[in-house]
Every structure is written in structure tokens, then in C-alpha cells.
């Protein structure tokens, strides 16, 4: 069931923020920020993420790959090469791929006892 | 009031996850994941959903239909042919239809006493 | 500051649902569903909303208007002509306008003591 | 890593509302409404925001700038020239830039002890 014509090659998430503290129990409830990536094609997706900040130069590329016909949910919390993503800092991200992918952005904020969960399809561009 | 020219024929939801536990009372508050589908055309929509996973081959198609000028809210929790959707597992979905439809993705997470609700229009493609 | 070229003339919201009960205090916290409409053009927008259901024919049009260079937040709870929107019932909506508009969909769910708030830009189509 | 071809030059957020009260502790939890803007290009973005209301003329432009390859999260709460954004009032906004940008809209509502957080990519238009 490969599907080579769904998705785009460039995506942007203008809103990024990993809270520095959490109150939930268990790793599922640690505040986190996720890029959910679907690669429905029959080729491996080679993906580069660049992070943009308010007052310093962009950092990247963070290199990831997603196998053909697979989905991968990447936590920005876990990115560490070339460097970890700073906490309590606003950032934006651009996701570029050599095959069409679909990107959705999700954040769980558990700084207070009440959870806040948001999700939105990222901004899409490219062939 | 048929409206034959609103919607697309291919949709993708990159973020899917059905929590394995719930705390709310009553079925409306059971953690669930829904694809809300609108078929505003004057023809029945024959729909196929394919699920993509992190570490195994895609599963599907799940076959659904939506009558002309009707909307249907499908819970992924209820899909069981060819197999149930696993809990506590990340997945993505592609929704394909033979007539234009509109797809919105909603999740209620009731794992903690506080509810988290998210919704986003799915990624659209196709004529 | 009229802006005649932002927006579209056909929008769809596939997910609609007005909970039948509320726990919040004050009308701002009554469970509600809103279509936020921006008309940035220099002409009045004549708008027709059609509601689609799971098991009966569509209802509408609900006729609304938005003055030039104004925004209006319509609560589906308040629509009553040709008939009120049923509670605890899934529905979808199509919004059509004679001038370009922008539509965003918001729901406040206050059935439990915790509030759930969602918002997403509607699906856009048309010139 | 400048990226001159991601984004659009006109964006609209149909839903705007800054609650007049808050319950959270610390400025991060004060109810607020944010436009997260990414300028991935190699040129400074000169941005004008116009606010639209229900029953009076539009206000603006609010003039902002975002340096090349930077992201900026603007709180509508902080805009004050030509005038502050009124609280407890529905508004919509149009964001125009001389270079392509990406805009995401986020609101934290802390009027009750439970937080509500929403985010959605804004409506995009323009080359």
C-alpha cells in the first residue's frame, strides 16, 4: 500500500516551546513537544530539521530518517545532535525531506496539575 | 443542497494515538480518537483508511462508507476489520475516498482526571 | 484598510458537537461551538450555513451577514432559523459566502469541571 | 541556512480573544494570545497587523519586524501602538509581511484553575 503522492517536502512549525518542568506521573506525561511524521511512500525519507530562535542563529540540521510506509513521532526533547533543544525557550522549526511526508505538531504541557494538549497540522509547502 | 465541489479525495492524519486507559465517566468520556468525515456530495462516498505504524507494515484498508449529504464520526477505537487498532501505540492514517470529502481529526484524552481535547483539520490532497 | 483578497468563499467544518450540559459559571463558560468569521473586504458578506447530520437530511440555509471590515463570532447554540441546532448530536457544516471570508472553528466543552477548548482553521475552498 | 521559499505574505486569524482575568501563577500562566512568526528568509520581515472588530472600524497597522532567520512570539496583550488590544472582546487579525513568513496562533486561557491551550496554523495566502 505505498502511497507516493501524499504529502509535501517542506514543512514549518512556527510555535515551539518545551516547558522546563512537569507535574504528571510517568514519561507519557512529561511535558514534551512532538513532530509526528508520516512517510507513506515506498522510499526512505531523509529528513533535516532546522531550529530558529529569537536571538541567535539557527541550529541544525538535525538529521532523521523515516523508513518507507512508516510513521515516526519525534520528541524535540530527545534531539541532541548538533545540540539539545533548550527548555523554556521559544523556537520554530523547518522540516525538509527528500520525499513527500506529512507533519503534525503536538505538545503536552504538564507544568500544572491540569494537562494541556495541542495539535495542529504543520504549514505545508513544496512539491 | 448537495455540494459536489467541497473537499478532497486524499487525507492524512500524521498523529494517531489511543490511550489505553480512561478516567472519565460514561462512553462520551472514554479516551478516543475520531475521524469526522463530511460527504456533502450527492453520491455515496466509498472510503478506505490505511494505518501506518512505527515498526511494522501498514494495515488496511478499513472500508467505510458515508451516504450522500451526510456526516459520520468514526472512532478509531471501533475499527476492527482487518484488525483492531492497538492501544498505547503511535500510528498515522491515510483516508482515501472516491468522492470529495472533508476530514477533521479529534482526540479526547481522559487518562488523568483532567480532559484534554484536540482537533485539527487533516492534511488535504487530491482533486 | 479594506483587504479584498484574503479568504475563500466556501468553508467546511467536519466536526460539530454541542454538549448538552455544562458545569462552568457564567455564559462565557457554557459549552458552546463557534464559527469565527472575518470579512476583511469592503463589501457586506452574505453567508449561508448548511448543517449535515448522520441520519437525516441537511438543514439550512442559516442566513447570516457580516458587515465590511468586521468580524463576527457566531455561536451555533444561537442559530434557530430554520430550526435550532440539536444538542448532543454530531453534525458538520458548510459555510458559503458571496465575498472572501476566513473561518475558524472553536469549541468550549465544560461538561466536566475541567474545561476543554479546541480551535482550528476550517477547511477552505473556492476562489 | 536561510530558506527564502517557505511561508506566505498574508495571514489571517479569525478568532481572537484575550480573557480579562487569570488564575495561574507567574507571567507564563497569565491568559494571553500569541502570534508565533517565523522568518526563515535572509531578509528582515516588515510586518503589519490589522485588527478587526465586531462593531467598530479596524485598528492598525501595528508595525513589527522579525530579523532574518529568526522567530518571534508576539503577545497581542503587549501591542499598544496605535492602541492596546481590548480585553474580553472578540477580534480577528490580518498579518501582512514583505517577505514570506509562517504564522501560528496560540492562546492560553487561565480564567479557571484549569488551563486551556489552543494552537492552530493561521490561514495562509499570498505568494
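The first chain written gets the first letter, and so on, giving A, B, C and D; residue counts start at 1 in each chain.
Basically, a residue touches a chain if its C-beta (ideal position, glycine included) is under 8 Å from a C-beta of that chain, and two chains touch if they have at least 3 such contacts.
Predicted, not measured: the structure shown is a model, and the values here were computed from it.
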Numbering shared by both copies at the subunit C-subunit B contact, with half separating same from different: different
Length of the line joining the C-alpha centres of subunit A and subunit B, rounded to whole Å: 21
Centroid spacing, where centroids are CA-atom means, of subunit B and subunit D in whole angstrom: 30
Of all residues in subunit B, the ones touching two or more other chains: 114, 116-121
Category of the chain touch graph - line, ring, star, complete, other: ring
Set of all touching chain pairs, with the criterion as stated earlier: A-B, A-D, B-C, C-D
Residue ranges of subunit D touching subunit C (in the complex, touch as defined): 10, 12-16, 50, 52-55, 57-58, 60-61, 90-92, 94, 107, 109, 111-112, 114, 116-123, 125
Subunit C-touching residues of subunit B, taken from the complex the two chains share: 1, 3, 5-7, 24, 28-29, 34, 36-38, 40, 69-73, 102-104, 106, 108, 113-121, 124
